[in-house]
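So the structure is just underneath, and the comments pick up after that.
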Amino acid sequence: MGRPVTIFTGQWADIPFKELCVLIKKIGYDGLEIACWGDHMDVRKASSEKAYVNEKLETLRNSHLSCTALGAHLAGQCVGDFNDPRLDGFAPAQYQGKPDEIRKWGIEEMIHTARAAAAMGCSVVTGFMGSPIWKYFYSFPQNSDEMIEEGYQTIKNLWSPIFDEFDKLGVRFALEVHPSEIAYDYWSTKKLFDVFENRPTLGLNFDPSHLIWQGVTPHLFLRDFADKVYHVHMKDASVTLDGRSGILGSHLPFGDSRRGWNFRSIGHGQVDFGSIIRELNDAGYTGPLSVEWEDNGMEREFGAAESLEYVRKMNFSPSTVDFDGAMEN
Amino acid sequence: MGRPVTIFTGQWADIPFKELCVLIKKIGYDGLEIACWGDHMDVRKASSEKAYVNEKLETLRNSHLSCTALGAHLAGQCVGDFNDPRLDGFAPAQYQGKPDEIRKWGIEEMIHTARAAAAMGCSVVTGFMGSPIWKYFYSFPQNSDEMIEEGYQTIKNLWSPIFDEFDKLGVRFALEVHPSEIAYDYWSTKKLFDVFENRPTLGLNFDPSHLIWQGVTPHLFLRDFADKVYHVHMKDASVTLDGRSGILGSHLPFGDSRRGWNFRSIGHGQVDFGSIIRELNDAGYTGPLSVEWEDNGMEREFGAAESLEYVRKMNFSPSTVDFDGAMEN
Amino acid sequence: MGRPVTIFTGQWADIPFKELCVLIKKIGYDGLEIACWGDHMDVRKASSEKAYVNEKLETLRNSHLSCTALGAHLAGQCVGDFNDPRLDGFAPAQYQGKPDEIRKWGIEEMIHTARAAAAMGCSVVTGFMGSPIWKYFYSFPQNSDEMIEEGYQTIKNLWSPIFDEFDKLGVRFALEVHPSEIAYDYWSTKKLFDVFENRPTLGLNFDPSHLIWQGVTPHLFLRDFADKVYHVHMKDASVTLDGRSGILGSHLPFGDSRRGWNFRSIGHGQVDFGSIIRELNDAGYTGPLSVEWEDNGMEREFGAAESLEYVRKMNFSPSTVDFDGAMEN
Amino acid sequence: MGRPVTIFTGQWADIPFKELCVLIKKIGYDGLEIACWGDHMDVRKASSEKAYVNEKLETLRNSHLSCTALGAHLAGQCVGDFNDPRLDGFAPAQYQGKPDEIRKWGIEEMIHTARAAAAMGCSVVTGFMGSPIWKYFYSFPQNSDEMIEEGYQTIKNLWSPIFDEFDKLGVRFALEVHPSEIAYDYWSTKKLFDVFENRPTLGLNFDPSHLIWQGVTPHLFLRDFADKVYHVHMKDASVTLDGRSGILGSHLPFGDSRRGWNFRSIGHGQVDFGSIIRELNDAGYTGPLSVEWEDNGMEREFGAAESLEYVRKMNFSPSTVDFDGAMEN
Amino acid sequence: MGRPVTIFTGQWADIPFKELCVLIKKIGYDGLEIACWGDHMDVRKASSEKAYVNEKLETLRNSHLSCTALGAHLAGQCVGDFNDPRLDGFAPAQYQGKPDEIRKWGIEEMIHTARAAAAMGCSVVTGFMGSPIWKYFYSFPQNSDEMIEEGYQTIKNLWSPIFDEFDKLGVRFALEVHPSEIAYDYWSTKKLFDVFENRPTLGLNFDPSHLIWQGVTPHLFLRDFADKVYHVHMKDASVTLDGRSGILGSHLPFGDSRRGWNFRSIGHGQVDFGSIIRELNDAGYTGPLSVEWEDNGMEREFGAAESLEYVRKMNFSPSTVDFDGAMEN
Amino acid sequence: MGRPVTIFTGQWADIPFKELCVLIKKIGYDGLEIACWGDHMDVRKASSEKAYVNEKLETLRNSHLSCTALGAHLAGQCVGDFNDPRLDGFAPAQYQGKPDEIRKWGIEEMIHTARAAAAMGCSVVTGFMGSPIWKYFYSFPQNSDEMIEEGYQTIKNLWSPIFDEFDKLGVRFALEVHPSEIAYDYWSTKKLFDVFENRPTLGLNFDPSHLIWQGVTPHLFLRDFADKVYHVHMKDASVTLDGRSGILGSHLPFGDSRRGWNFRSIGHGQVDFGSIIRELNDAGYTGPLSVEWEDNGMEREFGAAESLEYVRKMNFSPSTVDFDGAMEN
């Protein structure tokens, strides 16, 4: 199908952007979902310096790569997360240990990201929103209903002004439903859209890998939220329960074989990409299929190449014929 | 088998203790695991006032109920949890919003609990320990290995002085492996025992209901930690995935049918109690089987009665015969 | 729970009504869903002869049985079915081989049934509606969309005048979703309600046994149509695929072990009645649980007795306590 | 293996025969199972006009394609179906609404088909037989055993004279076991062969896609009827139950994602073609593997190409070595 | 149903016969399948001493127990087994280490068993036959086909003279299909009957527990060999694979939790007794259901009592009504 | 990854070595695990005649194939097996029917094999050890614990002197865990290593195909014995239970479709090679992946070629990047 196959640069931020473009083209991808960290995209520069943008665009042009989205996962997390010391790794050094300043930075960064996207000519920013109530997914100590409600409202209050800026620029935000976020599964996503009264600024960066180990069927999630899908991640995960491993991961690092699940190179997990493609076809989605490649058990370039081959093979178009129609005299 | 079947009073704390004893005996249980809240057990009184203890013991005697353990889940949680505003519901009113004072209160409360247990003549306190790193079960924002290590050490530092008091009194602590705790699944439990260098004070209040929805097989967990089992909860849970529901519960309250799992009255979930009894028999466990009854979809007394019937039926003894031995001339 | 447990007399129509009442009471049921055939209920008499009704009511009173619904499956089928020679067994002898007259008889019979129900003091008639397009469930020779649409409209046209009579009498019709009917699974049921614009006269006689072998999950069906459930059948079925047997039954009679599924006495099939009861509790359904007993592999009275015992055990009430509420100081 | 890989032209009848031959050869197939509709094959012409046949043969030769069978699904259905208004799309326009004439036309057409096959040099006609009792697969209104028996006899009576003509021409008929047919699963197939007393004229066009959603295991069906397999369809289907979708398809058109199953391009469903190939090898089947391609969710030419690749890969020969034999000194 | 529920005394041979009869009656069984070892039955005495038989019969009468079969597992094994040193435990002490004499003793013992059965008034002897090729179930070192054939012939040669004696006495032999026997699964059973040309002397003591862990479906086995079922064992087993345990048992003793399967008290394993009862009903089997109780993880008398309760509940009769028949006017 | 992909020549011993090398290279393999039978390797010659070794090495060099191991399955079996007449096919003709001489020959042959391996420059001998207690895997007639213990000791006694010779030569023995061997599953393997006190001479030729049909999960076996893996077989098997087939194979030859499992060409069975590669990567295994190709249902050269392609694709390296590391500013 005409859908471009792109790759998210977030897991390749250790490689300088120019070098990465050459590598990714060599592998054969059509474009990039550019992460806004490392040297891949400095959104403050991009939102103000035309030369910076031009240089990025030229680098892309040289490799015949398109830019289909900017990925703002780190800054977005800083907006809505609840005072998590681990945010120190996301915000600039001067804000370490100062949660209020980190949040303020995150908000500004998101607005710059929308401007950078517009400057780069792409209309979608993917990323996270954070959550002040993530820890409350397990209600012990017990939550009241009000605590949950308040969490959603906080997110609405924090993000609405940011989305106003997005609207002005004609840029949309595609939330990656994910643990640590206000929307991390089916019903929490539904609730989020309800709270935002289906504001069109907010849609989804559909990523099946975060749903499958929670027991949610990705293509049913996709079917019900089809009109909200602004961007798509192709990412796989494998549930590896063996009686002792657990779905919550045992405080073990990603990739450890004792965990109950792990991210996997596409085709090495249990995500049913065929059904996903069919739902995308039904929905008329023609945007990019962006490989977010992450597999601690496989060499990265090998994996990026086999994933591209896999997605190309799966990226089929719907039928243009009515089969039964042909069966008559 | 000779194992007594008891009930945990935590879910019945709205009923005054004397009244509850009459009710529980009428249903037919052998004894109680007494929750240290409501009017069931005031550990500060019990640790200092002989009359208070005598009254409790007499109430039990009148109903021919034994007391096999004290349950200190709320206070224990206050010791190790990380600054969770929801702890305000656990600690006395004067400490609301003061996490350091709540922790201090929790530590003292636990010591009083050990004394209360000794005074009541029972040698096991069941409960929680809290966790400063519970939220880090999902490593985003990313954890370092050091953060995890530090979490376990904090727990060790907080609880070792408490356990010293337990040792003096000959009382042991039985941790209920559970979300929100430092040990919430198989490998995090193993790690905890390693960090405590297998200190005998610390064992388990084995409860299969918290393991099954994480994908951990309860009886394999039990087999490997058999020598650490100081107390046993009989509690069931049902995984109810339907394509849209998720294992992390969608910020929906317990009992909501859209959740991916819920607690259930015994026999209405997927816990394999037969295999658990066999492991307990293999381990030579002769302590109480304590029903922790919780099912938002069933009337409480009906459930407590059918659970008792279920456990009595399952509470079989191992064989005393070698079957093959009989098959020879 | 207060829900009465009744039995549908359709499978016992070989036993005279008076005799049956004695038998059913001896087994222990609370009431009857009376089939409108055999000598159980002559709806034309009941709609016009007070003495007939009084005699039926007295017979019921003598056995302390309630009448909670009339079952009009045969007449209802005659209304909407498409020219099926097998209807000859349902309609009076004089209409054999005359499909138009059978249909006319069916329509009149249904109106009499509503009157009979009102006379008997019960507000629900259970039954079938027939379908002119049942055979089209498999689209070969190919259906056009119009053919399907037309089928639904025909049903609406045939039944709307009947329902007008029901409305006048304050009686509702509870369709048993079932093969051979216009609504035979989830989406065809949804379509039917859409076509009838959710007319309150038309609801469901929920029966899980017809859904399970089609692969539909009964309790999810129930959840989505909860407000339409006017009556409930407790009936079980077992899918017995073995590689050679098939779900469409191979033109083999019910009960043949080579079939891919069969009806079964409650608890001998795969219906999850626990989940059904939970949905009924959530929906606030307080009507009868009516055992429709059918199992060609089991002696009938034995089965009716064990089914009653099973349903009584499952007929639990929802919780009246908030468990988490009890867990605080 | 030497088995040719062909394609059934029924789903391509919108493309003129000559054009289609070029396309199919370009994709890489070895031959065709030619549908007797569209302009692909006019059996009345072929049975009488040598020039017509010669032209067809030359077209095939030009594309280096063989013709391994004629597909007579539409005419065959008209022979045995019961008065189905949908047959109007199959028979010539002048017979619309006249079931007896449609049947008569069908019978004559089948005889012409056998002659056309002989003229084309192929010895197998694939297709359907129809069924007067298809609707009776669900016995409500209730069937008597006699009704079923009568249905099989009707088919025998209708087809025996046709088969007499086949025998004279040395052509065999390969029934595609399929819903709407007298034989639609395992036991109904066995019954059909019994009724025909294993007449060699009648065999099977084995097609796993119609069995899998009925719960029948295709390779076990194949094993037991191995000597009756005269032709093989390679066609896939996927069961997509999700709690609400149902196996009977909800009166939804093929391809709708809410259906409980759909046809799929080979390798995108659940048919185990590996096991099928092994059974064919065991049976010594050396005839064509004919791809019947149908997938409303995939572009047709893309699918035909990937299916060919799949079948080529699966079309392996049995071993010619006794492995254990090599393991000795 | 009228089928008596009996118990096999083989696993109770440590208890003297008289004492056992009292115990078994107290539990509530209807009769015994008496093992021919311990003091339960000395077949040589029984075949020659009328007084011995009378005493046994009187003991049974005193407890109102019937004798429905004699169990000759040990002697039967000695007839056909291949030189297994473990037979020393079965044969009298003087034959230890002398395989030929053990075989000879086994043959004579079997003939005496038939006589004993006749004297006791029961027409069935249950038991084993041994196998000279059991080890060859895994063909390494490689078997030739001749070796297998020869094994079956040896069994035929050894047992035919024994069966001649059985025939004279009107006693039949019911082989328990079991590992270590010439017939240990479905196809080896079919082969055995073929080799014996379906000699009526030889039938089956159907026991599902030996089939289930081999992956054979007991009720399908039963269906196909229905006319050969002379006696039935009710015995359960549980497959307990956990990733490390294996179906071949790891040279670990029965009951060890690390094994991949174990025998279990009825209802604690995975045997589907409901389906078995239905097949027995279909087959018209009215003989005893004999509990062979063996569960190393459960106290024996507790288990025998709950098994009896389970079998009584399952021992239902087939329907005597045609349900569809009742549904017509 | 750098791991070479080799093939075991045991199933190709009917082809002369020189010819085979040409064939294998043409297919594309990197090297050979050479079987010590046929003309592939005469270990007595190789241990004494330098010219013989040189010729073999030159043949390999000419085809650019490495020799990574010698396979001594037949001789090894003769060392420990218990008097099995089928060993006559393994030992030289003069020892037929003389089990003691066969054992003696086996012992000597194994020592020569170690010498041959050293001479060929490879440090691993793969193979079997035999077992005097294999038949006792099913404890009927009953085993005592001592019998099992004695079996392991016999193996230790027989093999320790052989291993002393291996140690002198710097050659290790890699046992293929397999039915008929003293170690045939997880716990019997653990026991063997315990009995040998973890002597480094003895390790594993890991082969998943022998584990999967026993219900053992190959990659968990591999994880726990990772440090013992000296060589790896890539071999697949398929469990094909259908209700009647059984896991013990019914005395039917390999390849028969009625068996409950069969060996299969890689990718045609149920072995999860992806998980195996991940465990090998975790373990740091860099030795050969040796395809042992065996599939009675597939042409051998076709299979060897597709297996190579499969293994090459799966032979990926672990990641060299820490993905989370890249996600920070």
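Going in written order, the chains are labelled A, B, C, D, E and F, and every chain counts its residues from 1.
By our rule, contacts are C-beta pairs under 8 Å (C-beta built on N, C-alpha and C of every residue); 3 or more make two chains touch, one makes a residue touch a chain.
All figures in this text were calculated on a predicted structure; none of them were measured in a lab.
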(request) Determine, among B-C, A-D or C-D, the equivalent of interface A-B; equivalence here requires over half of the contact pairs to be the same by residue number. (result) C-D
(message) Please tell me whether the contact surfaces of chain A and chain D are same or different in residue numbering, using the over-half criterion.
(response) different
(message) What's the distance between the Cα centroids of chain A and chain E, rounded to whole Å?
(response) 63
(request) Report, in whole Å, the distance between the mean C-alpha point of chain A and the mean C-alpha point of chain C. (result) 49
(message) Taking the mean of the CA coordinates per chain, how far is chain B from chain E in Å?
(response) 46
(request) Give the residues of chain A that touch two or more other chains, as numbers and ranges in rising order. (result) 89-90, 139, 142, 217, 220, 242-243, 254, 324, 327-328
(message) Considering only the defined contacts, which chain E positions touch chain F in the complex?
(response) 77, 81, 84, 86-87, 89-90, 133-143, 145, 147-148, 151, 178-180, 184-188, 191, 211, 213-217, 220-221, 224, 239, 241, 243-254, 258, 260
(message) Going by the contact rule set out above, which residues of chain A touch chain E in the complex?
(response) 242-243
(message) So in the complex, the part of chain C that touches chain B is made up of which residues?
(response) 1, 217, 220, 223, 274-275, 278-279, 281-282, 313, 316-321, 323-329
(message) Help me check something: in the complex, which residues belonging to chain E touch chain B?
(response) 10-14, 37-38, 73-74, 89-92, 240, 242, 254-255, 257, 268, 294-300, 302-303, 306
